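In what comes next, chain A is part of two complexes: it sits with chain B in the first one and with chain C in the second one.
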Partner chain A sequence: MFRYIRKRLTNLIVVLFGVTVLSFLLSNISPVDPAEAYARRILKSPAPQKIEEIRLKMGLDLPLYQQYINWIGRCLRGDLGSSLLTKNPVNYDIAQKLPATMQLVAIALFWILISFIPIGIISAVRKNSLFDHLIKGVAILGISIPSFWLGFLFLFIFAVTFPVFKVIDYGNIKSLILPSLVLAIPTASSFVRLFRATVLSNLNKDYVVYAKARGISSNRIVWGHVLKNSLPPIVTLFFQHLGYMLAGSAVVESVFSLKGIGLHLLNAVTARDLPTINGCVLVIAIIFVLCSILADVINMVLNPRITDKEEGLYE
Partner chain B sequence: MTELLKVSKLCIGLKPQTFPIVKNVSFALREGTSLAVVGESGSGKTITCKSIMQLLNPKTFQVSGSIRYRKTELLTMDEKGIRALCGSKIAMIVQNPMTAFDPTVKIGAQIVETLMAHQRISKRDAYASGILALQKMNLPRCEQLMDSYPYTLSGGMLQRIIIALSLIHEPDIIIADEATTSLDVKNQNMVLDELEKMKRNGIALLLVTHDFGVAAKLADNVIVMREGKIIERGTVYDIFESPREAYTKELLKASILKRGNCID
Partner chain C sequence: MNKALLKNKQILIGLALILFVSTIAVFAPLIAPNDPNKIDALNKFLSAKGEYPLGTDQLGRCVFSRLIFGARYSLGIAVPTLLALGTMGLAFGTAAAYIGGRLERVFLIVCDIFMAFPPLIIVLSLVGALGQGLEIILAAVIFSMWVWYAKVIRTYAGIERAKDYILASKIAGCSGLRIVSRHIIPNILPQCIVIVSTGIAALILMVSSFSFLGLGFEAGTPEWGAMLNQARSSFYSHPRLVIYPGLCILLTSAGFNLFGEALRDVISPEEASE
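Our next item is the complex of A and B:
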């Protein structure tokens, strides 16, 4: 197992190298000149010499690979540069914004976790019952509703019509309930559908029949054996979605006026704030890859066969 | 000899149109005897056996008729009642030992679970009697086996564990559904020997097989099934010495060609 984790951590470095190269390249081939964008931000109408001066100062005249090496070197020393927009160090900005989004995502993941497992299992066990049909309908609805619309709907119902929550509210858990629900619903809906299918296929396995023949109760078979066997694919997906949510929280954050990393990144993109974009992408990529490693480790605990396969003990 | 199991007029259909799979099947299993249900694949023999333990999905299968264990009707029994019987009074040996256990749970835990489903017993005691049951089957390094995952063991090993599990509650009836089919010859003989031992110890055997060799070795009575119907029945001598149906003769011939040494 530890050998496997070590292998994955080595992979992490390769993936991060790829991610940084890609994001660096993509932001550099975009048509906007960052030196000019920066100059226009600090001076009303900058003279061409002034722009050139800034370009030299920012090191933008160097060849691309040199720029990348400089940037990655500073990253390794923990310096992601300064934001062109806020003038703060990028680290500082991210450290300010990330916790809010983390909190939001954590609560959303909590909703997902407590909903999809019981609903998926009951739906599968009572296949074609009224409950199952109802859940199927609700899940399709949940997947297809755009989250900004769902966000406004929630605000309208729970903050305007029935003022249980405030429209704009900061700094407490209550203020995160609505946004986290909006963030959770599409993911939870697709998880319910996938999990129901996985449970159904496991219910037809030989081990279920033999467990019945041994006299094991249906409840124990379902909640003990079938659940454990149905989890691995969804665990992988769960941690993948954690990454998606961190990166894609911008819509929800803007609807609920939350100051999180998603909105921060979005603002950076519109302002062509390259250091912030590269910094955010790097941080999100690290979280993404760490999540996928975590998913694999949990799956190995759930199904030890995976470990043995990875380590070549079993073929 | 009392009748342990009496199946009468059993009909099984596939829902929703109740397409018949098993038609009007009746047989009885008496104490200490063994009955072989022989037939080709798809003849309905496995389905018949599964219906005894209510292992068929009621949403897919329509079962009618009567299956009695001693004086109790099994077909109409509730889930709790039938699970109490399964694994204790009526035990099963399955066709494919490699897929019979939950792959993510250690053998020991699955044995303990089986014991605890039927008796008030602490986990520790259950574990100890699990080891004992495996030792009775002459399995090597039983403590280590208890701590293994099913996929690390061979089919023959797993089938022996299944046999050990089937005997753990001293059942009246053992249903062996193609118990030798997926094994190699050495393990087949091992399973046949164990089944013979069970028979000597007075356990009634219901053998489902497509192999007349198995029937010849173990069965007192034989029924031959084809397309969901019983087409011939009799004692093992009747069937082997003077089969009436052409189909039975054909099956016999196929079997003798395959393993000529079995009929002795």
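Our next item is the complex of A and C:
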């Protein structure tokens, strides 16, 4: 167990290091000379010597690995540079926009959580029933539907034809119901498919036969034993999707005009505001890695056996 | 197994949809009644009639012809990209599984690093740094997605590699390359077809969502996501301009998903053994 945790921790440190290197490289591929760009921003027509001076001052003449060390030092101190668009520090902007997106993603995750477990289990237990076929059809529709289009359909149906919701609405939970549903439906659909398959394969295992032989009611077998054993793969996926939804929210935020991190990032791309883009990329990637740790921890609590099994995998 | 495939209605429906859209894409110039880019300023927002089977859009262009040509963009991008992803996935996945050991561990860590960057984030970051362009979108998709394919294929190849016949062919003196290309790859091919088919659906959705956000295509390209983006300002007055392209995306990706998911049901060992 402790060996497993130690191994996961070293793995984590290597991954975090790799993520920062990749973020740094992504932020350095722009053909625009940052020293010149900066000089042009503060001076009207900078002389070549002035640009060189700024280059030295910003440490841009150093070899790439030293620039990386300087950059990571600044990031650790919470300094991600300042936005070209809003002139605010990038981390201030992110802190302003992230909560709205977090709220949206949290509600979407709630929808996913309350839908896929019961639906997946019922359609696995009643395999090939009408319910199972119906769910299968709906799930395939759910993974095939473009989310932006679904957003417009929802707006058209629930805000125009039957005005239950407002077209543009801010600041309350009700305004997040439609967007979070749009964000949740594709993920929930793929989870239902996957969870049903996992439950089915678990239903065929020996421990189910043994539990039946012991006279445990089939309800308890399914909702206790089988559920617990079917969760680990989906927990990993669940947290992976949490990270992806933070990024995927750009589409939904664009349809519903919500002011979250996705739309902020999109505006930054249109304005070619590189410091903001790089800051957002780093923050989202790190949230993603943190989510995968959380998934590991939850899996370990749910099912301590995994720690022995997976040891061989990383050996 | 072939009989089971032909009896499966879902596979047939999926295949029919795929063939339908592919035919439209190939013969687009013959099917489309009008030039998809011809602007007719006098005939904006026409409703469906004679010359324009589905009416005209905000610039007076024939909606039907634009939808027909849109099939070319969706399939023309998704299919080659997925072939590239599949080839990379097969090469790296089988190599990691076959060689194993320390290399496999490094491979898994590289996978974890790349997986921390969602495709949309890579696309936004590259477009922000290098500017618009279809090749940038494709590069970003391949950059962020290849590990997903490689990782899944590694799992399948690892299961195959542990089987006795691989040991037997090793004893018989087969080279590593021969074992991978002649034994492992053919045996995991059915699973790979499932990944490819559902992967094409996912890519069609992904690329159309990028173009919906205004990334990748020049203004005015008759691509479904881009058409939706241009029509959104007139959504409340002319919802059909938004409805049609979305329906096309839905039908195309549903075709690939129906086919892939049904194939998965047929070949997946847990369910087949019942």
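In this text, the second predicted complex is superposed on the first by the 252 of 315 C-alpha atoms of A that agree within 3 Å, B and C clash if a C-alpha of one lies under 4 Å from a C-alpha of the other, contacts with A are read in each partner's own complex, and residues count from 1 in each chain.
The rule is short, and it goes like this: a residue touches a chain if its C-beta (ideal position, glycine included) is under 8 Å from a C-beta of that chain, and two chains touch if they have at least 3 such contacts.
Please read all numbers here as calculations on a predicted model, not as lab measurements.
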Which superposed partner A:Val138 touches (first chain B, second chain C, both, neither): neither
First, second, both or neither for A:Ile122, with chain B first and chain C second: neither
Which superposed partner A:Val289 touches (first chain B, second chain C, both, neither): second
Touched partner set for A:Leu62, first chain B, second chain C, both or neither: neither
Which superposed partner A:Ala213 touches (first chain B, second chain C, both, neither): first
On chain A, positions contacted by chain B and by chain C: 314
Parts of chain B lying in touch with chain A, wherever the complex brings them together: 50, 53-55, 59, 79-80, 83-88, 91-92, 94, 96, 99-105, 113-114, 117-118, 149, 151-152, 162, 165
Chain A-touching residues of chain C, taken from the complex the two chains share: 105, 108-110, 112-118, 120-122, 124-131, 201, 205, 208-209, 212-215, 225, 228, 232, 235-236, 239, 242-243, 245-246, 249-250, 253-254, 257-258, 261, 268, 270-271, 273-274
Contacting residues of chain A [partner chain B, same complex]: 127-128, 205-207, 209-218, 220, 224-225, 228-229, 302-305, 308, 314
Footprint of chain C on chain A - complex, ascending: 11, 14-15, 18-19, 22, 26-27, 29-32, 136, 140-141, 143-149, 152-153, 155-156, 160, 193, 197, 200-201, 204, 240, 243-244, 246-248, 250-251, 254, 265-266, 268-270, 272-274, 277-278, 280-281, 284-286, 288-289, 292, 313-315
